[in-house]
Each structure stands twice: as structure tokens, then as C-alpha cells.
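Next come the structures, one after another.
Shared between the two complexes below is subunit A, which has subunit B as its partner in the first and subunit C in the second.
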Partner chain A sequence: MFAAAMIAILLAMFMSLCRALLGPTLYDRLLAVNVLGTITVLFIAVFGFLTGRPEFLDIGLAYALINFIATIAVLKFFEYRDMGRATEEELDI
Partner chain B sequence: MEHHLVLRVIAKFIIPMILLFAFYVQFHGDYGPGGGFQAGVIFAAGFILHALIFGLDHTRKVLPPVVLRVTGALGLLLYLGTGLAGILLGGNYLDYNVFAADPISGQHLGILLIEMGVGITVASVMLSLFYIFAQP
Partner chain C sequence: METLINIILLTFLAIIAIAITRIRHLLVTVVLTGMFSLLSASLLVSMDAVDVAFTEAAVGAGISTLLFLSVLALTSTEELAGNRKFSSIAFILVSITGAILIYGTLDIPKFGDPSAPVHHHIAERFIYESPDEIGVPNMVTSVLASYRGYDTLGETTVILTAGIGVLLLLGRGKQDKETD
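Up next is the complex of A and B:
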């Protein structure tokens, strides 16, 4: 049962990876990478149960939290070309 | 990022979770996957998210770079002090068995102190690196 779920997850990872490589615009690629991160969390969870080590859920949680930050960072960089700025009035300088 | 209301609310919700998870990874490292290095990186990631959403200046007010320099050195000193305490108590360098009457509880105490030193130093250095790279 877990093996079938694993094959489906690997297929989904492959398809989102194709979209990340082929995507015509930046946002296609970003969305594909974000989806790939979410699928990776599922992959880690299913792999943990497949090999009988449910502690892997901790690693999945960490991955989910860090993946969110990575997406925000890339989006902010492409929107503002800068990591540190906060407010709009600073941007008008 | 003032007008991104969703991001700000989500960040306020998720930053305490990240910090709490970092402490979980830190203190559960003896029994499961985790440890000082991973916990330090996750802890620093929480503050990096704060800097991304609310601006680097606010994060610098919360954790000034001087404080980070001091805590980075303090974590290393904790590691070194734990190692040297083993010598002073009659064992080898980084010998945990002499910290308590029972070797098992001595090893628990020793690895806890070592991992705490590693975690503090890694979090401080990661955040210092982010400050340097994110400077406009």
C-alpha cells in the first residue's frame, strides 16, 4: 500500500520537476518548486512509514517550515531585488 | 512588505512554531533525528523569516549583531568548557562519564551541554551571515 503511494509520489515529483525545468515564466517555475517541496514532505512521511521508522515525520515538519521560507525569500528577491527592505516608502528612494 | 497582509499574519503565526520546533529538535536530539546544528539552523530560519517579512531593521533591533557575536562566542565557550571540565574532573577531553556518579546520566548531561553550545553558535553565525548578505 505504501509502495503504491510511493510510486504515485515519485511520478508527481517527476511531473512537477518537468514543469520547473520547462516552465515558460518565472511564476510557473516558482509554483512548480513550491509544489515539489510539498510533495517532498509527503515523500519523507511515506518513506518513514514504508521503512517502519515514523520518526521521519520530524524531518518532514522541518522541511515544510523551511520550504515556506525559501519560497517567500525567492519571491521577495524577484519582486524587490533586495532581501532587507521592509516598507514601500523606503523603496521610493 | 507592508501591504502583504496575508504574509504578515501567516508569518506572525508561523514564527513561534518554527522557534518551538527548533527547541524540540534541540532537546529531542538525544532520542530522535536532530541535534544542535539542525536546531540552530531552524532557529535562525525563524528570524530570517521575520527579517524577510518585517524588514531587516526591525530584526536588527530584536537581535543586534553585537549580541550575536557575543552569543556565538558563548556557545563555543560552553563547548570548550564542557570538554575541559572533563579533564578537570579526572577524565579525558570531552569525557562525559565523570559528570555524574552514574556514567549514563553523566553522558546525558554532557551531550545536552555540548549540543546546546553547538546550537547557540550555529544560530548566531547563521543569522550574522544573513545580516551581512541582506544589507542593502
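Up next is the complex of A and C:
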């Protein structure tokens, strides 16, 4: 059962990998990374049950947060073309 | 099953690594390095090193992507067309270095080998003797604070120095305001 789920996850990883390598636009690749982050969370969960030691299930939560941060950073880059800088008020010293 | 998963993940890692060297668009490269980190984190999880995997995901996929993007915001996102001719000297050097590294791994005990020296040399003494020798019931604490106390002291010094450096860099603007 878990083996079948693991095979499906590895297949999904491969497909997101193909999307990231083939493109065609940058947004496809970004979506591929985001999907891969989600698949990693699933991988950790399924792998724990597959090997009979699901103690590390909680770590998946933190991975989901990391994935979120990376996506926000990339989107911010597209929106503003930089990672934020000091405002006029802060520069006025 | 685990071996098969490891082989598949390593294949994915190799594919991404080759793609990173071929692609000239730097933003795509940053995206692919994020993918590389996530996949190697999965690989480390499947090798029972969840703490290392977590660090890899946080630093590789999280902070590094942020730093790379900050740099790309300051520079261009396209790599300059440099000299891309095949250099045989470089190829031979890289091959020799790789061969030496693989030769170095031949002596290392097999993955998960219970008779590896690390499980026999001093670990048993820590387990059986540390409550009497150190008097601390927690084994990890006695190793950290007593057996390798100097090492821990050095580590905390490094962290303290890094913290002071960050505080000096980040707190500078505010201090200038107060002195003005």
C-alpha cells in the first residue's frame, strides 16, 4: 500500500522535474519547484510509514513552511525586482 | 525498496546537476538549485538523517534561494557568454580528483554497518560509564558538556561572535540616529 504510494510520489517527482527542465516559461519552472516542495512533504510522511517509523511526521510541517517562504521570495522578486530596501524614513539618519 | 528509492533520487540529483551547468538563465538556475536541495533533503531523510535533511532544506531551499534572488536583483539574470570550449586538462584534473574521492570512500564502513568503529570505539563507554563518571543522568548532556566540553565551548564562541556581528551590522542605523 505504502509502496504503491511511494512509487506514485517518485513518479510525481520525475514529472515535476521534467516540467522544471523543459520549461517553457519561467513560471512553469517555479510551479514545478513549488510542487516538488509539496511532494517532499508527502515523501517524508509516506517514507516514515513505509519503513515503520512515522516519528518524523511532524518535520513535514516545517518543510511546508520553508516551501512557502521560497515561493514568497520568488514572487516578491517578480513583483518588485528586488528583495526590499530601506525606506526613506530609515535612510534619513 | 529503500535502496531503490535512493538510486532514483540520486539519478534525479544527477539530472538536475547536469542541467544547472548547461542552463545560462540564472533565475532558472536558482530555481533548479532549490529543487536540488529539496531532492537531496528527501535523500537524507531516506538515509535516516532527518536533522541534516532539515538543515539542507532550510538553508538550501529557503535561505540560499532568498540570497541568490537578492543578488540577481542587483545584477543581471543572464550569464555572460564566456569561453565554453572543451578543455581536456580540466577534464583530466576533474576525473583524477573524482577518482581519488571515490578511492577514499572504499575504506569507509558500509552504510548502517553495526560493526563500524563509531558504534564500538567509545560509544559503549559513554552509555555504560557516563552516569558514574560524570554524574549526569542524560547521556547527551554529559557528552556535550563534559567529554567534549572544549569543543562545545568553541562552538558557543563561534555562535556568540556571529551573533555579535549580526547585531553590529543590523543595529548600526539605529545607533547613528541616537548619537545624532
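As a convention for this text, the second predicted complex is superposed on the first by the 84 of 93 C-alpha atoms of A that agree within 3 Å, B and C clash if a C-alpha of one lies under 4 Å from a C-alpha of the other, contacts with A are read in each partner's own complex, and residues count from 1 in each chain.
In the analysis below, contacts are C-beta pairs under 8 Å (C-beta built on N, C-alpha and C of every residue); 3 or more make two chains touch, one makes a residue touch a chain.
Quick caveat: nothing in here was measured; it's all calculated off a predicted structure.
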A:Phe47 touches, of subunit B and subunit C: first, second, both or neither? second
Partner chain in contact with A:Ile59 - subunit B first, subunit C second, else both or neither: both
First, second, both or neither for A:Asp28, with subunit B first and subunit C second: neither
Touched partner set for A:Ala3, first subunit B, second subunit C, both or neither: second
Touching partner for A:Val74 - first (subunit B), second (subunit C), both, neither: second
Partner chain in contact with A:Phe14 - subunit B first, subunit C second, else both or neither: second
Shared subunit A surface residues [contacts with subunit B and with subunit C]: 56, 59, 62, 66, 69, 73, 82-83, 86
Footprint of subunit C on subunit A - complex, ascending: 3, 6, 10, 13-14, 17, 20-21, 23, 26, 29-30, 32-33, 36-37, 40, 43-44, 47, 50-51, 56, 59, 62-63, 66-67, 69-70, 73-74, 77, 81-83, 86, 90, 93
Interfacial residue positions of subunit B with respect to subunit A in the complex: 1-3, 7, 14, 17-18, 21, 24-25, 28, 32-34, 38, 42, 45, 48-49, 51-58, 133-136
Subunit C - residues contacting subunit A, complex: 1-2, 5, 8, 12, 15-16, 19, 25, 27-28, 31-32, 34-35, 38-39, 41-42, 45-46, 50, 53-54, 57-58, 61-62, 65-66, 69-70, 72-74, 173, 176-177, 180
Residue ranges of subunit A in contact with subunit B within the complex: 55-56, 58-59, 61-62, 65-66, 68-69, 72-73, 76, 82-88
